[in-house]
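Common to both upcoming complexes is subunit A, partnered first by subunit B, then by subunit C.
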Partner chain A sequence: MAVVGREAQARRFAGLERRGQVRLALLLLPAVAFLLFFYGYPVAAMLLRSVNDPAWGSQNFEPLVTARSTIDLVVAELPMNAYVRVFGITLQIALGVTAATLLLGYPVAYALASLPPTQANLLMILVLVPFWTSILVRSYAWMVLLGREGLINQFLVGVGFAGEPLQLLNTRGAVYVGMIHVLLPFMILPLYAVMRGIDRSLLRAAENLGARPSQVFRWVFLPLSLPGVAAGCLLVFILALGFYITPALLGGQRDVMVSMLIQQQVTQLNWGVASALALVLLVFALAIYVAFTRILGVQRLFGGARA
Partner chain B sequence: MSAPSIAGPTTTERVAGRRVSGRRQRPSVGRVLLLTATGLVLAYLVFPVFVVVPLSFSSARYLQFPPPGWSLQWYQNYLSREAWTSATWLSVQIGLATAVLATVLGTAAALGLVRGRFRGREALNAFIVSPLIVPGIIVAIGIYFFYARIQIIGSPLALALAHTALAIPFVVINVSATLEGFDEKLEWAAMNLGANRWQTFRLVTLPIIRPGVFAGALFAFITSFDELIVALFVSGSGAVTLPRRMWESLRQEIDPTIAAVSTVLIAASVLVLAGAEVLRIRGERLRTGRVPDEAAARGAVE
Partner chain C sequence: MTMTAATKTTSERTASERTFGAVGAAVRFDGVEKRYGGGAVVAVDGVSLDIAAGEFLTLLGPSGSGKTTSLMMLAGFETPSAGEIYVDGEAIAAVPPYKRNIGMVFQSYALFPHMTVGENIAFPLKLRKRAKAEVARSTKDVLDLVGLPGYEGRYPRQLSGGQQQRVALARALVFDPRVLLMDEPLGALDKQLRERLQLEIKALHEQLGVTIVYVTHDQQEALVMSDRIAVMDAGKIEQIGTPNQLYEEPASRFVASFIGESNFLAGRLQEQVDGHAVVDVPGVGPLRASTGGQHAVGDEVVATVRPEKIVFADEAAETEFNAVEATVESVVFVGDAYRYEARLGGGQSIVLKRQHRAGVAQHVRGERVRVGWDVADGRLV
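Moving on to the complex of A and B:
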């Protein structure tokens, strides 16, 4: 009797549980349907164009693999396939920016994590103000600073370092300076979060066991901060790959990144080629994301449901 | 960005084996170098943002630094030119529409994702946050081809819908974060006391997750308000937003009016940041029942 009763109760609970799960799943339906319609389908249909616009086939990918494809840009003068060249420039800039943000961001996150929380939160405002400021405003600021009559040139000429204003704007250097400025907060924030979470007693233990400060850092702190390093690098690299605004405003004619090339192909109505380039860029970004999350075991960058 | 307490009170705190307390008279060379480097990097981050502020009050016709005299002409210009004011107003409207729509859709989705234990939840989560990883230009041309085919290029509503797709992930992430620490017993208590599901949500769940919902709405608004790449493709001539107007101004002539616009935007982002900080502190207090940093200062009565 009692056993039967318990079974019935268990069945009832299972039914309730199932109904609860269905209800929770239904909560997701509006957002998923919306995203399918305004994001999933448009992106998928666009990617499909790479193989069926104007006709089925691989013709849109051919400029990417022929030895001497040229595009209507200055880079076309170079002796290499211009499309490959643009991907090369993009990768180079993305890698350079990632390395620079890590080099600049690590000491900042380290110093902030070593301060009492109240002070650290105050200094964090200096990281967050640019983070919340429009990229266009920041690009404008760099145009003001780096221009021929800009503040930096005035300073350089003023102290006699340069006889006449230097060409600073519309150079690769300006692209780096502007992109690092935009992406640095994306490096500092995950680094800081991980460093704050490091158990200080481990550092004390190492010290009590006779490690010198540099050894404590090298063998205890640094390894424990690596998840933050990986997360920050992944975030910065993926964002840098798709950059458009900063290089378009601060770069010269040779500083063409993939996003700019795609935009240019769209305006020239080469929708198939644009889609092929977009597909390659997307595969790059996703491959790197998967490599970091699966192989290196970086925690997912963007929360939501826990594994 | 919350600051979990670290081991021990701050006066005896050691970082990487070094004492950071006031007891030590001279900080080590390494520490001085570290703090100098930090100061320089923070200056690099903040200085360019504020360099445009004095320019916006300049009396010069062109970019000149330092300004030869002061004037409000560029603000006057901003506020009197229809091209700038209508773009600003349109961006505010599209931003608000995006914030409302993304917040409703995203909050519901976050509840399902955090509470649910059904199959496929992981995949759905990945799909919902994927607009953050997919490069902006890819989403932009996808939406452009789609809108061109159904001929809604230049419609403000269509732009708001595209922005909503980009903003939903931010709402889901922010609301999920507040839901993670949520004590579901509070909801069971409400239902035992006779509240139905909707009443429970409105009277118990929503007040507690409100900081996350507000933060998500804020992110959604900013995502739309600052968005340029999708707008470049689909705003046509009927939906010229503020970023697109700024873009055109930056590409053609650098008219100092843009310095005035920038200063207004910087002031807005500082205010938003202050608001977000207040929300964060209030959120911590609601969920944990105490004020984060102040609690320690008061000697942690609880």
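Moving on to the complex of A and C:
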């Protein structure tokens, strides 16, 4: 009698637990449905298109199919070469921007993390205001600044540093300046979050044990801030890979990034090529994300400084 | 002091063990002040303190009493606003922390989470450019010393709180510091472990002979561990003395209430004879007590007496005895004793503690009793 009652009780508890899990799953449902319909479906369609538009195994892959050796691919004036070159430029710009934002952002994040919270929050606004401004607006602003009649050229000519206005706009340098400006907050924010989480008593302990300030940084602060460095670099690098507006407005004819090439193909109604390029870009970003998380672990990347 | 400590260490040490921090240094605070916010907030207010080489001194006080700030100035993380701190006669107030060679155990242990236990302990040795073999040997020896042999490869997060505490202690000792500072090192541990570590740290201190400056707000901990205790309040040292002195002869009401439990009976000083004071407590009558400070006849004074010194008057028949009438207001069983609260004639309450023994009748609430204490156990503060 008592045993039966006990089992019934256990079943009831198990049922309650299941119901709790179902309820949690229901909370996820709207977001999952949204993503599947507006993101999953288009990506799948694009994936299909990249291999069968205009026809399965069409000219998209012709150079690959007909080439007898790698040399053939390189010497032949094939579109494939242009694609490789564009991916090369894209990678180069993304890497350069990532490195530059890290170099610029790390000291800023360090300073912010060292200040008392009230002051840090105030200064953080300086980081966030550009962050909240449209990329388009900021890119146009750089066009105004860097143009032939722009503020910078007027100043350079005015003080006699340059005889005539310099070509600043539509250069690789302009692309770097614009992209670094836009992406810097994406580096500073994760760095700051991780650095804030570093226990200050660890730095004191290191100093107490005989470490000079530079040694405290090298052996304690820097290693503990690495999860922030990884998160910031990942974020900036992946965002930079897909950049479109800034390089399109500030870059020259030779500074073509993948996203611009995709847009070009779309306007020429080459949906197949555009899809293939987009897919390669997506695979690139995913591969880098997986590599980072494999090495560092998602938990450390987005879970703060404490492992 | 150093001599005796050193001799002791040699005799107690086994052959393979190395001493850590064996030569303790003398520490002196000379009129040290610490002000914040342009002088508006005074954290430490003119502290002068002599700590002998090899001594275990505890700074005891409530939060905000300036004990931690004093410790931080000794460690070098805070700079005094005025005064000077000497270690073995050398002024160190302007010396950066990394040049002080003072070990410290932090409240949070502050073990480096990205380093193993071995790397944590080797860190101060590597900074001192010790040879690899020596680093390995010292690391092993100090882990043996704190009772964690073979833990080199673990990470701090894999250890329990008590084990982390031991590693922090090992790391603070391994580089032979002149002085070892401990900032509430046992605060995060449960009571039993805390009490065991108190005794272990005390034994370690006796074995090593290093000077220890210990900060705590736990008076029990201070009484158990210290050679001497400096009681701090509002940035000042209220009283310095051995645990016994502080407990038996508190110099102020603050010390009497902060260390142990005390009864306070307000009254007027009637007369002083043979080192005894006679205090007229309203509604109770004249009570005798030993005098602590300077008081004049006619002053409003407070007499203190510890709860465990008070007995029911039927149990004792001393000559030098205060006896008063009281009504039992509450009886509470506290494990090792019964705690009675009783109201005196004038309305003031006193607390007394009595161990329960077989064959002794319990007093009950509302009962009229006579309680008393030895004249020497009462003190004016």
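We take it that the second predicted complex is superposed on the first by the 268 of 307 C-alpha atoms of A that agree within 3 Å, B and C clash if a C-alpha of one lies under 4 Å from a C-alpha of the other, contacts with A are read in each partner's own complex, and residues count from 1 in each chain.
By our rule, contacts are C-beta pairs under 8 Å (C-beta built on N, C-alpha and C of every residue); 3 or more make two chains touch, one makes a residue touch a chain.
Remember, predicted model here, so these are calculated numbers, not experimental data.
Undergrad: Superposed on subunit A, are subunit B and subunit C clashing or fitting side by side?
TA: Aligned through their shared chain, the two binders fit side by side on subunit A.
Undergrad: Now for A:43: first (subunit B), second (subunit C), both, or neither, which partner does it touch?
TA: first
Undergrad: Who does A:101 touch here: subunit B (first), subunit C (second), both, or neither?
TA: neither
Undergrad: Who touches more of subunit A, subunit B or subunit C?
TA: In the superposed model, B touches more residues of subunit A.
Undergrad: Would you check which partner chain A:206 touches, where first means subunit B only, second means subunit C only, and both and neither mean what they say?
TA: Touch status of A:206: both partners.
Undergrad: Which holds for A:223: it touches subunit B only (first), subunit C only (second), both, or neither?
TA: A:223: touches subunit C, not subunit B.
Undergrad: Between subunit B and subunit C, whom does A:189 touch in the aligned arrangement: first, second, both, or neither?
TA: first
Undergrad: Which value, in Å, gives the least CA distance between subunit B and subunit C in the superposed three-chain arrangement?
TA: Minimum C-alpha separation, subunit B to subunit C, in the superposed model is 5 Å.
Undergrad: After overlaying the two complexes on chain A, where does the subunit B footprint on subunit A coincide with the subunit C footprint?
TA: 199, 201, 204, 206-207, 211-212, 220, 306-307
Undergrad: For a test of understanding, state which residues of subunit B touch subunit A in their complex under the given definition.
TA: 1, 3-8, 10, 13-18, 20, 30, 34-35, 37-38, 41-42, 44-46, 48-49, 51-52, 55, 63-65, 104-106, 108-118, 121-122, 124-125, 127-129, 131-139, 141-146, 161-162, 164-166, 168-169, 172-173, 176-177, 180, 222, 226, 228-229, 232-233, 243, 246-247, 250-251, 254, 258-259, 262, 265-266, 269-270, 272-273, 277, 292-293
Undergrad: Where on subunit C does subunit A make contact in their complex?
TA: Those in contact with subunit A are residues 75-77, 96-104, 106-108, 110-114, 123-124, 127-128, 157, 171, 175.
Undergrad: State the interface residues of subunit A toward subunit B in the complex, per the touch definition above.
TA: 21-22, 24-28, 30-32, 34-35, 38-47, 49, 104-105, 107-108, 110-118, 120-121, 123-130, 132-145, 147, 149-151, 154, 181, 184-185, 189, 192-193, 196-197, 199-201, 203-204, 206-207, 211-213, 216-217, 220-221, 238, 241-242, 244-245, 249, 258-259, 262-263, 266, 271, 274-275, 278, 281-282, 285-286, 289, 301-307
Undergrad: What residues of subunit A sit close enough to touch subunit C in their complex?
TA: 199, 201-202, 204-212, 215, 219-220, 223-224, 306-307
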